[in-house]
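Here is the structure we will look at, set down as structure tokens.
Per-chain numbering from 1; labels A, B, C, D and E assigned in written order.
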Amino acid sequence: MPNPTYIILILLLPLASFLLMGLFGRSYIKNASGLISTAMLFVATCLAFYVAYGYFFEYGNVNGVYQKLIPFKYTWLEFSKGVSIDMGILLDPITAMMLVVVTLISLMVHIYSLGYMKGEERFATYYSFLGLFTFSMLGLVIASNIFQIYIFWELVGVSSFLLIGYYFEKPSAVAACKKAFIVTRFADLGFLIGILILSFYAGTLDFNTLIQRLTSPESMEFKTAVASSFLGISALTWGMVLVFVGGAGKSAMFPLHIWLPDAMEGPTPVSALIHAATMVVAGVFLVARLFPVFALSTPDALHIVAYVGATSALIAAIIACTQTDIKRVLAFSTMSQIGFMMFALGVSKYGGEEGLGYTASMFHLFTHALFKALLFLGAGAVIHFVHSNDMNDMGGLRKHLPITHATFLIACLAISGVPPFAGFFSKEEILLAAFQHNPTIYWIALLTSGLTAFYMFRLYFSIFWNKEYHPHGEHHGEGGFAMMMPLVLLAVGAAAAGFIPFGKFVSSDGKALISEFHLQFSIAPVALGLVGILTALLLYKKQNSKPDTIASSLNALYKAAYHKFYIDELYLFITKKILFNLVGRPAAWFDKNVVDGMVNATGNSTQTISEKIKGFQSGKVQEYAIYFLAGATALAVCGIYLWK
Amino acid sequence: MNDFFILMKPELMIVAIIFILLFLKLGKGLSNNSLLLVIQILLLWNFASGFLMNATGHLFNDMYQTNAMMSLQKNILNGGVLLIALIFTEWFQKCEHLSEFFVLMLSALLGMFFLISSGNLLMFYLSIELATIPVAALANFHLDKKVSSEAAMKMILSSAFSSGVLLFGISLMYGTTGTLNFAAIPALLDGSALQIMAFVFLFTAFAFKMSIVPFHLWTADVYEGSPIAVTSFLSVISKGAIAFVFISTLYKVFQPYHTIWYSMVMVLSIVTMITGNLFALRQQNIKRFLAFSSIAQVGFILVGISSNSIQGTTSVIYFILIYIFSNLAAFGVAGLISFFTGKERIDDYKGLYRTNPFLSWILALSLFSLAGIPPTAGFFGKLFLLTSGAATGSYLFIGIAAINMIISLYYYLRVVRAVFMDTNESPVEKITIHPMTRIAFIFCGAGIVLTGIMSWLYDSIKALVN
Amino acid sequence: MSGADILFYMLAAMILGSGILSVTTRHIFRAAIFLLFSLIGVAGMYFWMQYEFIAAVQIVVYVGGITVLIIFSIFLTQQAGEKLPEQKMGRQLFAALAAFCGFAFIMLQILRHSFIGTTKTTAEPSVVNIGNQMLGVEQGGYALPFEVVSILLLAALIGCIVIAVRNKTQTT
Amino acid sequence: MMQPGLYHILFISAALFFIGVFGFFTRRNLITMLMSVELILNSVNLNFIAFNKYLWADKLDGLFFTIFVIAIAAAEAAIAIAIIINLSRNFQSIDVEKTDEMKF
Amino acid sequence: MNLLILILVPIITALAVLMMRNNNLVRWTAFIGSGIQLLLSLGLYYAFNQARAHGETSQMLFEQKTELFKSWNISLHLGVDGISVAMILLTSFVVVAGVLMSWKVEKMTKEFFFLLILLSMGAYGFFISLDLFILFFFLEVAVIPKYLLIGIWGSGKKEYSANKLALMLMGGSALVLLGLLGLYLSAGKTFDLIQLSQIQIPVRTQMICYPLLFVGFGIFTALFPFHTWVPDGHSSAPTAGSMFLAGISMKLGGYGCLRVATYLMPEGAHEYANIVIVLSTIAIFYGAFATMMQTDLKYINAYSSVSHCGFVLLGIGMLTKVAITGAVMQMVSHGLMTALFFAVIGMIYERTHTRQVNEMGGLLKVMPFTITLLFIVGFCSLGLPGLSGFVAEMTIFMGAWEHPDTFHRVATVLACMSIVVTAVYILRAVGKTAMGPLKEEYNHLTDATWNEKLAAIVLMIGILAIGLAPGWLNQLVSPGAEVIMQKLK
């Protein structure tokens, strides 16, 4: 069994970093804060590698099956017998992998930020937020309990909020962070209700027990969960779909993706860490975590996952082709790639060869983390240099930023699926899985991968080739060792990671999956990728008017894509017009005028009555006597005839 | 003969004081200040002696009867009069006819004592007059003030009319039963219409004296116009005494008519509370305001009376005890301010707290007690009244009472608001409080706070009630 | 119809007639005089019922005391010969109606009531009896009310003195 | 006409009572109002004596009551007149309609 | 442990405050008094746990009974179970913080602290009394201090608000009174909670008294549609006043609904549960939407209190052990959170002299400590894990979900949805206040002073203690909820 202390330490080190920087960073260790955080995270990364190594090579594999180990568990909040929120560690292949990915990318970002964020006023705060995020993300991946994952899920959301809003004086950043939080929160609502449904039927919140109960057709829990239905759909399916809604929100799946492009208002390294490599794949991770239930009990829900993933992949790719903000292009590309991972899971089956999609998805998650982080960090270097996000302000930077250029190119090749870079291997597996199980999705995926190659190289050429760059103002250089080192390291990863025999370690049922390499199958996607690259080369290598011509010839489509298919506007309409004006305002009005009005009216009418009856007390003693006699007579009459 | 002295001790004490005062008046050697001191000492002596040697018995062929409960009631009134003598020290010191004032007041008190002890309709009538006529004279003690003479006129004429009706009732009661003796009446009540009418006429006399709506109309005018010492006597002592008698008359003498008077009391209670509250809402003059508030309080007393139980009697006595403290404190503060500055409007009280914190606290405490808010004793008093009333089972009635508590809170808070929250360019200036007054206020304040908390008090009152 | 009956009806007419006149005439002095007649009528009624003592008291106290007091006060407060201000017609009608209804109601109750009464006639309203009982403390004695009334009269006296006899300094 | 008896006297007294009430309601002069009150009290006295004579002749309760009522009436009248005289000094009038300084 | 000391310490403190000569002494006396009370409360918690650990199984611990009004069968019956201990802890935290937040009160300082301590006395007494009469006494004791605190030291339309608050609360207590009288008269003439709980109260009585008591107490805890005193009262009150109002006073109602109405009248509770759920769901949702439209920070928090207190009532209405536990947790959590929120608003207002969110912006730059607190309470309010709000709300949801029928499900889902709306308004408020460009005139604002920091830290300790390790609170509360549930079944 693994030593839980190490895993807990992996978690606690970033947390300590957060607390240290948050409490004292501002005043005491302002300048050293970056280094201290980085050092702490370095230790955590080493531990993560150690744990992963231990799991994969020493104790994880028992009789050829990777076990789901729970080395640590603490009852955090007990609702009733069996139903409790536990803080625990669930160690399985994807956890081990995610530990490595998260710590590694986070470490890279920490190092990179030493250069990138240098001189910021709230430098320590930045590092404390990074620490918080890393902590939450790690907590999320090791969660052994569905509520635990929800807790860290929320924490991840809030650290994302804090980091997007890091430049809090920029109104656009404020709007973006609010949007990100609220949209994901909305999705989390689904997740929460999903959890409630699952926990109600499974009678537990513990992942292992929950999966076991909900996948074995004989169990009571399974039977009731399938038997009870709402709107003709079984409760279990509802639960899984709602859980997936949560995942879709975090992973920016269509139509909950609208927060992701705006989230690029945060510092670029943050985008690399959160909005490319780690947090946004949480949704994929969640689906993977519950994959047995999806695959065995609720295939309908899994279909939804597949189609949502495919749609997102395609739409994001189309939009990415039209954007001019380099970070937004990358953001949409992220969305598109996560769509790949999602539908890969969606088309997968449980166990054995059929589970290829699962492995592929995880593999792509892994490689994507490397090359997408690399892309973002590269873009960061570019932005650092140019002081602009807009492609039109760039061009011809290859001479000024050679290392960035090289690493960026590697990343682009990787994402485009050009062999032998990492993306090629993972994407190939995904396409294969799709091809085997769902041809529709396969064709969409194929198209998307071509588009991917196109927009990535559009980006690449626009930045590094196209026109000549004339630096104005002082020359920054590439940003020093701190910024270059992560680029290089990640580039190495992006280039080489594809050779890892991933299926041996990560598979849907824990047994090793040896995926064969089909040369003939790869021809189509690679060729399509190359076509995409070539098109980009033709259009963007040199500054010319061809792109504009094409854009104007595709007028409506281009415009729609450029405006992200007006989904933002739709949301705005729903929130502003419907929620604010049709619900919020009437509610406030109702409160002020009706509910409050009733209270005031009670008071006022009392006053009015009191004013009306004042004549009763006329000050004239004779009238008093009349009232007296009237009262006496009335009492007498009542006494005699009524009350006797 | 010994019996005579022991049983009639309270009355004899009062008579003795009246005569001492008359002799002192003859001597003409005393200044107002020292005379007042003598009076205060005498009243204190009177009050203290009220605790001693109380016996049960009856005299003069049942015309006079007394027991422990009655002695207690009398002593409560004694205490009230003592407090009045203390609170209005400065006013009394300036009073032109001090000894006459006290002679009249004490004879009224004597009337109340006889009223409490009366065992006979004749005694009842006589003592009710004795308790009223001198007070009418007292109401006129601000001889050159229009309002004062108007108040006295309204009081004497209204009460003459009321006693006319009362007498008509008594005469019919006599005609139908042939006796004036309370002890004999219950057996002779036959429920004939004429007799019920006689009873109703009798009832109106109580209603008039207690200011139950619609027999209350004289109250506010008289309270406003009278000198404030008289107002407080009227509103506290007089009302208390009548309430005591009312409850024992209804419970003992007219028990056979229980169903009739229960309905009457219930209806009148509701009307009284509502009217009192609605009128109090819009008053500006503090005395008039307190007058209407005390009308509303009567409504609550009626709730207790309606219960027809020992708990009801006890609660009424307990409430009156608290009511004496609270109302006297309120009237005391109002009187002090009116005496020194002539200000009687609630608006004039704005910013009072800045200049006179002590008076403000006393006023607030008394108003909270009147409103029935803990930790003041008024809370317990009111609650027990309601609880005993609720025991009859008419929740609607109690519900209306509860609603009225809220309305009354509103206007009591109005005064509190003026005192504590509002500001005023020319607030009431700082008033130097006479030590006697201060003692009385502190005593009232302590009474307001402690009467409720010293819970055995209620139980010991209950032990005395039979 | 016997002489006593005739006397009764004459007395009744005198009481009610002068009573009505007393409350309706607009000359205040005449009103006092009519009141006087009405009171004398009541005294006559007492005589008629053979309650001579009480009739005497009625004459002495009312006729000799209260009416005189009232007449004096009229002189003190009223310019002679001035007519009384007239009450609003509405009020008059209303009061008349109310009084009549009240009267009718009470008479209705009285007439429908059968009084029981006692047959024993032991007490003679003679002066001796009255005197004995008035100051007696035993059965049937009225010493206590007597004392109470005396205190009341004392208080009234003092009150009157204070109110009516006010210092010159105060009157301006 | 019948033999005059209890009911006749009660009739007279009730009528006298309401004559007094009528006077009390309508007379604007305070002294005349007081006179009305006297009428009311007399009606009551008549009642007492009648009851005593015709119903409860075994004791003299009614008679004594009447005596005391007369005494009280005297005291009441005295005080009332004193008050009215004082009031007339303050108001220069004894019109009841004018003495409504305090109302509402 | 003698529970009487919990009432005596505030009384002594209040009297001592009145004795003090200068303002500084007054402050320190109040602070020390409330501090002692805090220690006592912690001691009570410790002693309670010790006793439970030693196998004390009786429902109420540290019981004591002194007869007061013998003829009414009223006695000073004190005792605590886990729920009361939790509420007492809450009260003592809020009181200390409130006293600290009032350090700068210059106007009638002595009276201010006197009233504060008196108010806290009412709350302590309320939570420990087991006799309904005494409970009612303490409930009402707390009304007038609130009135005066708002009326004298408040701001805005303070007199109107103070009046409204006092009258509506008195209205509530009038209903409570009627309900209590009904119970008293139909169930053996006793006010004793324990005795009453052992008697089978006639169903007809329950049908009448349950709504009376529930609505009566509900008014205190902002039951829709009797919540309108909340926004006005809270917004007009001085900082400590708002803290006490929202932090303590509103909890009196929730506690009453649970301990008196629901516990004593199970049939009534079952009968009216659906209405309670409907009303509280409306309160949750409607409060949240009404909050969205507010621009005054205090109104925002006040309306959000309506929404959050709706959760308390929802939890009670759900009638499951977990939901009731959650309701109590929500009371504690909301008390701490909202007190801190008001404290922060007070700090901001004291410096910017405005509470309109539109007039602020970028304050994070000049007052990082304060604004960080604002962020934290905001997050707590929207139910961020690690802070108390999350734990409480999730417990309520879990409890509410135990009913499998559609009605309860819909109510629960609607309640869940409010967390999104909450996020919207909280972020809007926080975003407008703390973020965005800083205004010129706010350039020179200073951050929190020591007393404000200390107050915030005290409350933060509470929030974090629940948020990070809710187990202790759960263990404290859920046996109490279990007892209530046993009666309800």
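Convention: contacts are C-beta pairs under 8 Å (C-beta built on N, C-alpha and C of every residue); 3 or more make two chains touch, one makes a residue touch a chain.
Note that the structure is a prediction, hence the values are computed from the model and not measured.
**Q** Following contacts chain by chain, what is the lowest number of steps it takes to reach subunit E starting at subunit D?
**A** The fewest touching-chain steps linking subunit D to subunit E number 2.
**Q** Any chance you could check whether B-D or A-C wins on number of contacting C-beta pairs?
**A** B-D
**Q** Just by CA atoms, which chain is the most central one?
**A** The chain sitting closest to the overall C-alpha centre is E.
**Q** Farthest chain from subunit A, going by mean C-alpha coordinates, please.
**A** C
**Q** For subunit A and subunit D, what's the span in angstrom between their mean Cα positions?
**A** 97
**Q** In angstrom, rounded to a whole number, how far apart do the mean CA points of subunit C and subunit E lie?
**A** 70
**Q** Using the average of all C-alpha atoms in each chain as its centre, how far is it in Å between subunit A and subunit E?
**A** Those two chain centres are 36 Å apart.
**Q** As a quick test, compute the distance in whole Å between the mean CA positions of subunit B and subunit E.
**A** Comparing mean C-alpha positions, subunit E is 42 Å from subunit B.
**Q** For subunit C, jot down the residues that touch at least 2 other chains.
**A** Residue numbers touching two or more other chains: 91, 94-95, 98, 102, 106, 109-110, 115-118, 140, 142, 145, 149, 152, 156, 159-160, 163, 166, 171.
**Q** Send over the residues of subunit B in touch with two or more other chains.
**A** 122, 126, 129, 133, 136-137, 140, 143-144, 152-154, 157, 161, 175, 178, 193, 197, 220-221, 282, 410
**Q** If a residue has to touch 2 or more other chains to count, which residues of subunit E qualify?
**A** 167
**Q** Chain pairs that touch, all of them, please.
**A** Result of the pairwise touch check is A-B, A-C, A-D, A-E, B-C, B-D, B-E, C-D.
**Q** Which part of subunit B faces subunit A closely enough to touch in the complex?
**A** 153-154, 157-158, 161-162, 165, 191, 193, 196-197, 199-201, 203-204, 207-208, 213-215, 217-218, 220-221, 259-260, 263-264, 267, 275, 278-279, 281-282, 407, 410
**Q** Taking the touch rule as given, give the residues of subunit A at its contact with subunit D in the complex, in rising order.
**A** 614-615, 617-622, 625-626, 629
**Q** Can you name the residues of subunit B that touch subunit E in the complex?
**A** 311, 314, 353, 368, 373-375, 379-380, 383-384, 386-387, 390-391, 393, 395, 398-399, 402-403, 405-406, 409-410, 413, 416-417, 420-422, 455-456, 458-459, 462
**Q** If we count contacts the way the header does, which residues on subunit E are in touch with subunit B in the complex?
**A** Touching subunit B: residues 68-72, 74, 108, 133, 137-138, 140-141, 143-144, 147-148, 151-152, 158-159, 162-163, 166-167, 170-171, 174-175, 177-178, 181-182, 184-185, 208 of subunit E.
**Q** Would you pull the subunit D residues touching subunit A in the complex into a rising list?
**A** 21, 24-26, 33, 96-97, 99-104
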